[in-house]
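Pasting in a structure now, in structure tokens, and then I'll have a few things to ask.
We just call them A, B, C, D, E and F in the order they show up, numbering each chain from 1.
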Amino acid sequence: MQRGDGRNFNQLRPITITPGFQSFAEGSVLIEQGKTRVICSVSMEDKVPQFLRNSGTGWVTAEYSMLPRSTVTRTQRDSSAGKISGRSQEIQRLIGRSLRSCVDLAALGERSFIIDCDVIQADAGTRTASITGAYIALYLAFKKMVDMGILSKMPFTSQVAAVSVSIFKGNIVLDPCYDEDFQAEVDFNLVMNDRAEFVEIQGTAEGKTFSRDTLDQVLKLGEAGIWQLFDIQNSITRP
Amino acid sequence: MQRGDGRNFNQLRPITITPGFQSFAEGSVLIEQGKTRVICSVSMEDKVPQFLRNSGTGWVTAEYSMLPRSTVTRTQRDSSAGKISGRSQEIQRLIGRSLRSCVDLAALGERSFIIDCDVIQADAGTRTASITGAYIALYLAFKKMVDMGILSKMPFTSQVAAVSVSIFKGNIVLDPCYDEDFQAEVDFNLVMNDRAEFVEIQGTAEGKTFSRDTLDQVLKLGEAGIWQLFDIQNSITRP
Amino acid sequence: MQRGDGRNFNQLRPITITPGFQSFAEGSVLIEQGKTRVICSVSMEDKVPQFLRNSGTGWVTAEYSMLPRSTVTRTQRDSSAGKISGRSQEIQRLIGRSLRSCVDLAALGERSFIIDCDVIQADAGTRTASITGAYIALYLAFKKMVDMGILSKMPFTSQVAAVSVSIFKGNIVLDPCYDEDFQAEVDFNLVMNDRAEFVEIQGTAEGKTFSRDTLDQVLKLGEAGIWQLFDIQNSITRP
Amino acid sequence: MQRGDGRNFNQLRPITITPGFQSFAEGSVLIEQGKTRVICSVSMEDKVPQFLRNSGTGWVTAEYSMLPRSTVTRTQRDSSAGKISGRSQEIQRLIGRSLRSCVDLAALGERSFIIDCDVIQADAGTRTASITGAYIALYLAFKKMVDMGILSKMPFTSQVAAVSVSIFKGNIVLDPCYDEDFQAEVDFNLVMNDRAEFVEIQGTAEGKTFSRDTLDQVLKLGEAGIWQLFDIQNSITRP
Amino acid sequence: MQRGDGRNFNQLRPITITPGFQSFAEGSVLIEQGKTRVICSVSMEDKVPQFLRNSGTGWVTAEYSMLPRSTVTRTQRDSSAGKISGRSQEIQRLIGRSLRSCVDLAALGERSFIIDCDVIQADAGTRTASITGAYIALYLAFKKMVDMGILSKMPFTSQVAAVSVSIFKGNIVLDPCYDEDFQAEVDFNLVMNDRAEFVEIQGTAEGKTFSRDTLDQVLKLGEAGIWQLFDIQNSITRP
Amino acid sequence: MQRGDGRNFNQLRPITITPGFQSFAEGSVLIEQGKTRVICSVSMEDKVPQFLRNSGTGWVTAEYSMLPRSTVTRTQRDSSAGKISGRSQEIQRLIGRSLRSCVDLAALGERSFIIDCDVIQADAGTRTASITGAYIALYLAFKKMVDMGILSKMPFTSQVAAVSVSIFKGNIVLDPCYDEDFQAEVDFNLVMNDRAEFVEIQGTAEGKTFSRDTLDQVLKLGEAGIWQLFDIQNSITRP
């Protein structure tokens, strides 16, 4: 099967990473995956949520938002609506959990690392691109803190990346673009670490369903994509 | 392995269904799964969301909330906070998608069926119990509409139920209770239909991860549980 | 006069009390008064509102809410509206004042007792049933605290209960059900204690008015009803 | 008993009415009752709430608010808090009901009359002064509409006024000022019309209670005060 | 040119100042400028915003609001909308900055002075009248604090007042009233101190623009008006 | 005087314009002015605000927001605060007015053009850079609409740009960067069109003031800067 944009079913979109995109941040990247573009920036704060006070342990959390005209037709700002949309909340909780899975929180001391993922352009896969980019931004922030002597060593316990897989017109395709995603029967988001373990799997069917057999193929295809993403991340973090 | 409450790893908690619990609703059940208790009630409205106007097609949606003292310590009301919590939104979106997967929306006409899931007591598994119970409440509502001649036939395309599986102290356990869930390393929610297809799978690790092999065992265990839930649903809907 | 449901003008609806309905709460009842059903649950917190800090004195407060499908047609959730409705606020302030009238707050220490009244089904009289039920739930909570040695003695200074009286088609009727309440010309809520004193009286006419003579009859009828409610409360608290 | 400000127990505070205080309004007064000062202004709008559309019937409603420094220490604005306080909502609902009790809504056509009651200075009795003043403001607005030919005749069915009575240091006092109200054991608000009927009675005890005998004295004292208020209203409306 | 209300182009509207209008406030005036009427009241609080804690320095801030029927047609309350309107925020920030320009904040100690400007009637120029009035209210509040020994000396570094100038039908007019303001091509707000320095200038054209030459004339005309306002302020503060 | 970044007092920072930055928008640029970077994107909607319905006239409006880590330390999102900050509202109102000053709204038909200005990096002058960039984005959007035949001709009546001028350590400097702006005594924002007319002038002193003579120098310096900005705009719009 040839896809609309010429890719094979198992091919990622071209990925470009620009480190240091927001130069005031402790760590920052612009990740471009096809036409999808997300700014991931990390801020360190010398405080932790209530439930961690006096625990000696730190925290990693995320916020996710889309610029109004990241989308094909303009989307109202959450701030105009006066609240964060359910979709945004769901995504930022996912990003936070995914990144916490690869960090030794105790090694952070009582500090919070806030990852802001702001979507400049949304051509599908913004949540998985956010996770893949957030890992690099967090790496850069940790690196700076180690260089400044604030952290004694890099607190990562593994490397993490994420990818989408869709079933589109009956075919299983890796890293769908908007046209494929919009018409997808089923949509999967896979988050994995470099020990080949799953951090999160979500399989969501709006109106459709999927068999066990399909799931097996999806997981295999997604895993292959994630190993490519690890290489791309490493080209920035271990050049 | 013997579990804290004496169950085997592959055993559901005792389930009791009370149909007609909120007697004003078009359809309603109280579902009790161990100490977890959820009221699921269905309301029909003669209007649809904006994006379906003049489409001739109907809609099924859900709202989820917990009573403040459904939990071991009191939880603040969403209405006091002035907004619906991220967790509640995530869950009600899941319930809505799950139920839409088993309904022929075109057969509803331009009508909405709103499923309210209100948790009276939360001893883990409230979202999956909500889905299992919501199916019955929706069945009862559809039945009433068919009996009244408002719908010409039952608009279900399949039967749907959901179950949780956790990894607790390294063991895979079906339908965890609060003590197991609270300390779980990884938490899975599986939604399936009676054609043995998946509607939704979510595997979430807060701080931990899981292997492909583990996932396979989880899916197998969950599926077995869901077939038992279908039987329990049928004892009410096809007595 | 024979009423629609066969009761005499001076007859309460059948009342059922289920103690321990929400088992995690310090005290809890389900009170059913005809088709009206309210869960009253009490939570203790080791803090008091700002104005009582360092006073050594405790507090009793209440929150009131209706499940969306407690009503004949579905009512939107306060949390969806983003604020507590004026009616809910008015009622929860009334419940709080009524219960504080019968408690020696100084005897609580710097602790708050929060009474959650959640209406499962609303067939009129939900605010008065909430007060009557809240007294029992608070009794059970205080009892547990005394048994645990947290309170040295029961801090009640009196017993409190409440009832509605309506003027319906020119007749004065005790404890109106929905049909009577909906068409009532005037609506009274009476809260009394077991020293035959009034804690609160509210007489509200939407579009109608009432004479002094009518008021006298209302008070007499209501008081008689409240003494019956005291007996019902005592059947649970002093079995 | 001599009161702190020299009044007898059955004496109102001096009352001054300034009609036309907000000159853009359809009707407006500044009512001063002792140090309490409230601006009541009426606005007419050519629309009615949803539930009255196409009914041919009009509506009267009220909004109540306090200026931040109407109080002895500054009170935060409702707009800063982002919502109307429970107390304000309770009061504005009371004002609305009270004024609707004396108006033939059908005679208004599909028009709304909104009464804004803004407290400039709060020395107790702001809700009852609001009702007494609102009647005059509404009279002035109706008069203007009759003069302009928009209404064919004055739509009042009665005259309405309101007064507070408190139990203060064991004495029953009419129209308490702040010092008396603040320390009051029990607080009553009485709304009556000029047919000597009650529109609303509220007896509220924060921590105290009251006997039937006390209530009888309160009603008698309040009624005498209200007849004086009718005369004061008439000095403006029927000079 | 003769103006609609008979004034010359360089003439202020008649101004009346009533000190002590809200008698509970530390300082208060009612300022009437033509039909525009604003209550300015100052409250002192023994705390400062977060960024000034432990700085030994005080703060002056303002809040601005309009009564619903200050305007020709009724304006919805900010509290009903659930937020402060953009216009109100813009104005209250301007008032705060203007008053801070003439106060030695360090001389206040860690205290806040909150200036509430509430518009009773809006016939144009409410923001400039608020500033002119706020100066007097703040003077009165400071005077009281000096008299009570809380402040050691008057903390003013200058005197401040403000005026509007509009271009209306091609003419430059001082202190426009509503009819002139509503149809104005360009609207200027000037805030100056008694050292003939500018504190703030705003020139705003909704749809129109203005030349450098026009600006020069506006500034000259406005400055002349402001010197008259200083005299009026002094008639209250240095009688 | 040599400035910290080597510029002369009358020198703009280097400016880079990237047209088409958000490719889904009707018109879009990334404007970089020194380290300040703003995305300006224009969306067309086939509806107008309430007050323009059935007028045949269109509207131009703006929204302004900063990414959390556009600033040196992280700024909380407006959406987390649940409302748009006063500063953001003030700025977006300014941008809207400025752009409306150069457009023939009647020529738009009943269409709205919404300009989203999102600050990626804030090194001072974000509001003026937003206006300068918004003109180009709006030009590109209008051009596309003309090319598509939706508009019959370009609806601009003039060209508009904006610049800041600050007084910093007693010197008047054009286009201050963050270090200069942060410590500025007085801050001016000038908006002009290519007929050498002012659209808006704002001079704001936080704690300081300025003389008439200073103002004259500021206006002269700012105007010279704006003519350079017109050239830069034209290099994109009339290449």
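Methods note: contacts are C-beta pairs under 8 Å (C-beta built on N, C-alpha and C of every residue); 3 or more make two chains touch, one makes a residue touch a chain.
Note that the structure is predicted; figures quoted are calculated from it, not measured.
Peer 1: Could you work out which pair in A-B, A-F or C-D copies the interface of B-C, where over half of the contact pairs coincide by residue number?
Peer 2: Residue-number overlap above half with B-C among A-B, A-F or C-D: A-F.
Peer 1: Roughly how far is chain C from chain F, centre to centre by C-alpha average, rounded to an integer in Å?
Peer 2: 59
Peer 1: How many angstrom lie between the CA centroids of chain E and chain F, rounded to a whole number?
Peer 2: Going by mean C-alpha positions, chain E sits 28 Å from chain F.
Peer 1: Name the residues of chain B that each touch 2 or more other chains.
Peer 2: In chain B, 82-84 touch at least two other chains.
Peer 1: Output the ring sequence of chains, start chain D, direction chain E.
Peer 2: D, E, F, A, B, C
Peer 1: Can you check the complex and tell me which residues of chain C touch chain B?
Peer 2: It comes out as residues 21-25, 28, 35, 39, 41, 43, 45, 63, 65, 67-74, 77-84, 88, 114, 116, 118, 120-121.
Peer 1: Provide the residue numbers of chain C that touch chain D in the complex, in ascending order.
Peer 2: 83-84, 86-87, 89-90, 92-93, 97, 100-101, 105, 158, 193, 195-212, 215, 219
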